[in-house]
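Right after this note come the structures.
Two complexes follow with chain A in common, the first pairing it with chain B and the second with chain C.
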Partner chain A sequence: MSEEKNDLIDVQINGEWHSFPKGTRMIEACRQVGVEVPHYCYHPKLTSPGNCRMCLVEMGMPPRPRPGDDPPEPDETGHLPISWIPRPAIACANTIAPNMGIRTESEMTEECREGVMELLLANHPLDCPICDQAGECSLQEFSVEHGKGESRFREQKVKKPKNVDVGPRIRLDDERCIMCSRCIRFTDEIADDPVLGFTDRGSHTVLTVYPGRELANNYSLNTVDICPVGALTSNDFRFQMRVWFMKETKTIDVNCATGANITVFARENKIYRITPRQNNDVNSDWMPDSHRLNFHWIESDARLTDPLVRDGDKHRLATWQEAIATTADKLAGLDGSEIAVIASARMTNEELLMTSRLVKHLGAGHVDVVPREGENDGYLIAADRNPNTNGVMLVLGLENPGSQLEAIKDGIAQGRIKALLCLQENLVEDAGFGSELLSKLDFFLTSYPLANPTADIADVVLPGACWAEKTGTMVNVTGRLQRLNKAVDGPGQTLEAWEIIRDLIQATGGGNGIYSATDIFKQLAAEVPEFADLSWGQIGDLGIPLIETGETIPLLEREKERIEKGLIVG
Partner chain B sequence: MSAIYKSGKEPHAKEHRIIFKNVDREGWDPSLSMYETEGGYDQLKKAIKMEPSAITDEVKKAGLRGRGGAGFPAGVKWGFLPPNNEKPVYLICNADESEPGTFKDRYIIHQDPHQLVEGMVISCFAVGANLAYIYIREEFPEGAQILEKAIAEAHEKGYLGKDILGSGFDLEIYVHRGAGAYICGEETGLIESLEGKRPYPRIKPPYFPAAMGLYLCPTIVNNVETLCHVKHILEAGGEEWSKIGTPNNTGTRILCVSGDVQKPGYFEVEVGKVTMGELINDMCGGLKEGRSLKAVIPGGSSAKVLRADEVFTVGRGDDARELTIWDIPMDFDTLAACGSMAGSGGVIVIDDSRSISWVLNNINNFYAHESCGQCTPCREGSLWMKKITDRVVAGKASPSDIDTLDSVARNIDGRTICAFGEAASWPTESFVEKFRDELVADTNPELEDDLLNAEALTAAANLG
Partner chain C sequence: MSLDVPSELEKEIDERVTHYPVSKRSAVLPVLHALQHHYGFINEEAVEWTAAKLDLEPIKVLEVVTFYPGFRQSAPGKFHIRVCRTLSCAMAGSYELMESLCDKAGIDRSGVTHHNPIAVSPDGKFSIEFAECLASCGTGPVCLVNDDFHEAVSDVDGLLSHYQ
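After this line comes the complex of A and B, so read on.
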């Protein structure tokens, strides 16, 4: 069976012969050789209903000799002649066959595309100037390439519901809908929440949400991404920003250990939206709404923008030099056993390497991170809600992250631990450290992006960059090494954690010479066996497998089954 | 036994009644006991002693072509069932009868339901189906009840259910009432509907019913009339039965004549043995007083129209001959050679009192209303065509609208998921081709530069 699958089949595309594995869809064969077939309803992760007809192409097969006639002779390349079929074929759902011919640029194909475009636009409102999808709308794009440029449609357009509330995060404009059914298939096949469907028929067909239900599942916003037009829009993003003004940064989600690949869209240092980025080994084409929308806090008024040092009952603004010098001063008289460091499994490997340096340099007797456990949602969200627990284990060398927290609490309570450096965590709210307990410390430093009750007690408060403001690597739940890329600058004086730690090491008499996260990565590659010989560039946009964890991502497993069954391309 | 028919309903002398033998019979009722008085279920008794494949062979020998529309050979279709299949096989009787101009299946169902049940049991035995459905159009509520009753009677007598007549063969037949849409008659739309979904036709490939039909299992879909014939094929033997009708166009079929004739109705004839002229002039009593023939739609509303004064060249080489509309033998192959089709057997006669624009608009209304809306060309095109012909009829169209009309039809034809695309576009294509002058005469050249809808202008501007 698997051998058969690897069988290669010769197919002629626009006059050139190529070989593809048996079972390849015509549209994918074309794509593999750089021939784009326009399409709307086809999505490689969903079943193919073949409803939009945009992908029609001219197709041919070797002629079938009539009884008594000689079979066709192969040409000098060993291929049979092709007799072109007068009826066009959809490229999305049909698989290739031996000696098949495909023409994507012929008169027939062009006529089909023009015809379908004209029909799609006939009842379309063409309200591009006020449509959010403008700039990333397949209808707009293909109509430029394959449209007639003028309308022969003299009739009244069909009127349909506009601005329909289909769920808490999504709005529907039925007049823009081209009835490709992608959203319906997504909710049914991927999200297991088939609340969308069509009612009425013919040109009056409308997309609707089932009476009494709403499109509210935690993956609902993926429908907005795959809607080829501006029919489904995100309440969070609609009317906020034209897509062509935004800068796109490829990075990863940090809300759980899956590390969904994402694109951050920002303009003038403000994030407007996040969309999933395809990675078939991590998140396929999808991401949960709860993670996608968890970015507005980055702009919050509660962001720390400057270092603060304690002045009596209050904090006052300080320079970085002063804050770091104060810290060095306080640590100077202490024995390593009296110092604890609590880092974060939200840190990058580079930050963790710097943390481990700091721990060694100070001889700190205690080190740990704050674990975050939730439930695996059965789709993409991992039970581990920290993005880099595997990095903590590999780089910081903690065998059992979180297991030392109680001992640190005891040490503080008993006065054995006198100084605590908290890097990028919120101990009071997320790790059960009481304010009273923390007040016992002689010296307490915390760095975090947001002001919080932990900061209230600290002697030194440092403004740390958040995930979107820094660069580094993380190791996800399946053991994949992935890159986090800086999308925006942090506010005010914020620094990335590795910079803060570098300065701390320097101020306490340690060496450095590190100027960038990529520099630290080189040291990781030199020092941590799992990273041996790896380079920053090698990781690429999609990451690379680093270690075996035996963990799987449920949604991906289901997609694999569907690929096996030939239901989807994948 | 020679049957006596109700007065005024006697079959015409040129008819050859097999399927409709019991329709309009004096003293006949749809009960099982009545059916049994004339050899009812005798063919089933014979069938269960045969090899199933031998029954399929008889059907193949008979050359029975489907009576639902496409005229595909039934035996060949049955032969498409995958040979090493391990899934259940289903048989579905298509009783959705909704092609305009067609009204034959309902009479079988209403007056002779056991003929269908017997035909189905034999067919199921032949193809190895233990579960069968009769998908009956929603608008036939009484027909559904009659079938339910017939099935219950057959069950009681052991013609249905477990171990039919001691043969070890099990079969249940369920009546499923349709969803009230023309597209439910398209076999894959029907299957989706039967599965409880919208009747959106499936793409072929891969969803050929014989391989991946109901619940993705091998499924045979046949028309009511087709399945009834199976019983008679068994009775006569395939070879003998194939002598009825003409070569490659065997058996009888029921022609349903509607429109501008003296006596519209149903006529069961030997396929190809009756000409259009005989049908209209003899069997239907001719055209209406003082009228002349303008056109005929010979196979249900989706068939291409034939113009009364056309000369058709059929046959090839030495066999080539010219025919007038009156000479056309009513068979599959000749009607196809004339550029139309025998389709569902619905013959729609149009005389000179009719406005062609109105007729075409009437048809376009139907298809615009019935397009399921799944695929772009048919969804948008069928309504567009209707809107254009609406304007033609209302005198609000310009001559170039007729060109647009034609090109919209050609943008549908051959580019859709299911054959509804052809059904919807062939009328327009053929009417424009054959009656362009008449359509253009209903338009107004002065409207040529008027963009009739200001909205379209704004929209076009926005696109730029």
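After this line comes the complex of A and C, so read on.
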């Protein structure tokens, strides 16, 4: 047997020897070398009760000699022979030991899996055709791989509650539940809202929400994600779309500065659902319900689809050329000090770089963004509800975002500021600009995804793409640079803000030569010191640390503690 | 609503909890036993009182209460009868005894299920359930009425007339 080097332990998996750090769970050791161990109850971010038994494997250890017998001899590779234990072991809750053997493809393992599958399916309804989980159901998948073609169960299936309203966003089908208890552990360990439990344990075990309580915390929909079957379904998504029809786009959430990594599921340009995407440096495996469900407005009738220009007291449709030319005309006679630009901390770094170009090009005397402060919820939601305030500071060079807004208001009130370009913000509703104040401006341009009271007053209204319709990068609360990827096309004539700004710069006599957000990123890398030498590809799906902000994400800190205590794998 | 637990009982419960220094959760069973012994059954207030006493979420206590058919979730009668149905008693006629007791006491057992094993007479005087072995296999059929043990029961009228 080879000596432990750097706390590495040799384990034989399906006949081949590998080394793993001490304390690795058997299931994780297998995963690390590409050997799948099917499982339901095990989740690396939750404790392991070992109750589903799906991860049973055959395990062996070196034989222990009887007193007086010679100890076993190592073979030429330095490993001891393995004596296989006649009973299977669960791979999820057991850690590896030196010279351990694991067989995941043996007859015994196969038999165990078949047996577990048969028992799980004995009472499971065969309603896959109407079940939302179909296509991403572990039970369905493992049934194909490890199940029997037909059931030997001839008795009556157990009847349990169906269509149970367990909370405002979730519905439970107890007959589909396989009692893995992931949801119970999630609400207990992560969401600190333990309202779920198993009652009437036995042949009629039911997942229950405590009478009079409901599963209503702002992280409740994560239970739907981790439910391996279709027992917990999202009220928002159920019966809307089969999962295999949807296109998945890896992107990030923009509802707060955390920038939770997400997957957007869309079909034919319509978003159907958003799920968290694992990133252990940002959001672990989770995301808040409030952020996850904040996408229906993207399809709203209030979306702006075409540029509009003021015609008397109304707006009329215009082409982009006309809207941009009108703007250039209006700005032509003005001095830079008479122009203010209000950008948005919801913009990407690329859009902010273009904004800074525009500001410089126009010599605009005032520039700021609209801050959005809320409360840190102690889990994943950052106090800063803008996704890219750090980007604003780095790229637009604002030291104290939001501090100039009052000065801009004063400037407009006193007539010093004559033109205002509002990029991707809603000044009336989100920044306290009065309609009367904005009416004093000689020229007011606004771009935004939705029609709003700010647009009502504007001379030129431009349809700007929303977060799901654009590509770019943002810097989150911890200083991590992350990529936003376009999931759907914007409606009508919508353009991404960087395109709008590029056209404005060009129309007012500036340069061009930019054709994509990645082009701008190259310029960012060349111009902004923090981005030096970075490439688009380098950022990857999980982002990279860009700056040190000293901020932490409370939920991640607690998970780190649990990993250190060995409660979870992480 | 909260449970009004007499101080004597609470003192006894507190003492029982001290037997489980590592995890108060382990004291769920003894606490529930004490409460059921005093009140006759475990209702929602008792679940919540237990949870608060042991710093648990109520669902954790409800899980235990619903697991054991021995914990009654609704009020039994003034006299609670347990009829043994394990092999010896079953062969000696415990099912007939059950039928006869229900008949005389006017108890309808049609609503009885595994998790709701108790049926109560309309006047609330008697309640009945099957029990597993009461450790008197030579003298079946046997039954318990509250804490009194009755062997080789044949005179059902006589038995019930003891308890009025």
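Keep this in mind: the second predicted complex is superposed on the first by the 564 of 570 C-alpha atoms of A that agree within 3 Å, B and C clash if a C-alpha of one lies under 4 Å from a C-alpha of the other, contacts with A are read in each partner's own complex, and residues count from 1 in each chain.
In the analysis below, contacts are C-beta pairs under 8 Å (C-beta built on N, C-alpha and C of every residue); 3 or more make two chains touch, one makes a residue touch a chain.
If you're wondering where the values come from, they're calculated on a predicted model, not measured in any experiment.
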*Should A:Arg154 be classified as contacting the first partner (chain B), the second (chain C), both, or neither?*
first
*Per the overlay, which chain contacts more chain A residues, chain B or chain C?*
B
*Which partner does A:Ser143 reach: the first (chain B), the second (chain C), both, or neither?*
first
*So, does A:Pro125 touch the first partner chain B, the second partner chain C, both, or neither?*
first
*Kindly classify A:His296 by the partners it touches after superposition: chain B alone (first), chain C alone (second), both, or neither?*
neither
*asked:* Going by the contact rule set out at the top, does A:Lys565 touch chain B (first), chain C (second), both, or neither?
replied: neither
*Go through the superposed model and pick first if A:Arg66 touches only chain B, second if only chain C, both, or neither.*
neither
*State whether A:Pro194 touches chain B only (first), chain C only (second), both chains, or neither.*
second
*Tell me which partner A:Pro211 touches in the superposition: chain B (first), chain C (second), both or neither.*
second
*Overlap the chain B and chain C contact sets on chain A and report the shared residues.*
197-198, 200-204
*Spell out the residues on chain C that touch chain A in their complex, using ranges where they run on.*
44, 57-60, 62-63, 66-67, 114-115
*Within the complex, which stretch of chain A touches chain C?*
188, 194-204, 208-211, 213
*Note which residues of chain A are touching chain B in the complex, please.*
48-54, 56, 86-88, 90, 93-94, 112, 115-116, 118-129, 143, 147, 149-158, 178-179, 197-198, 200-205
*asked:* Residue numbers of chain B touching chain A in their complex, please.
replied: 181, 183, 198, 200, 203, 205-206, 368-377, 379-384, 387-388, 391, 401, 404, 408, 410-411, 414-417, 451-453, 455-456, 459-460, 462-463
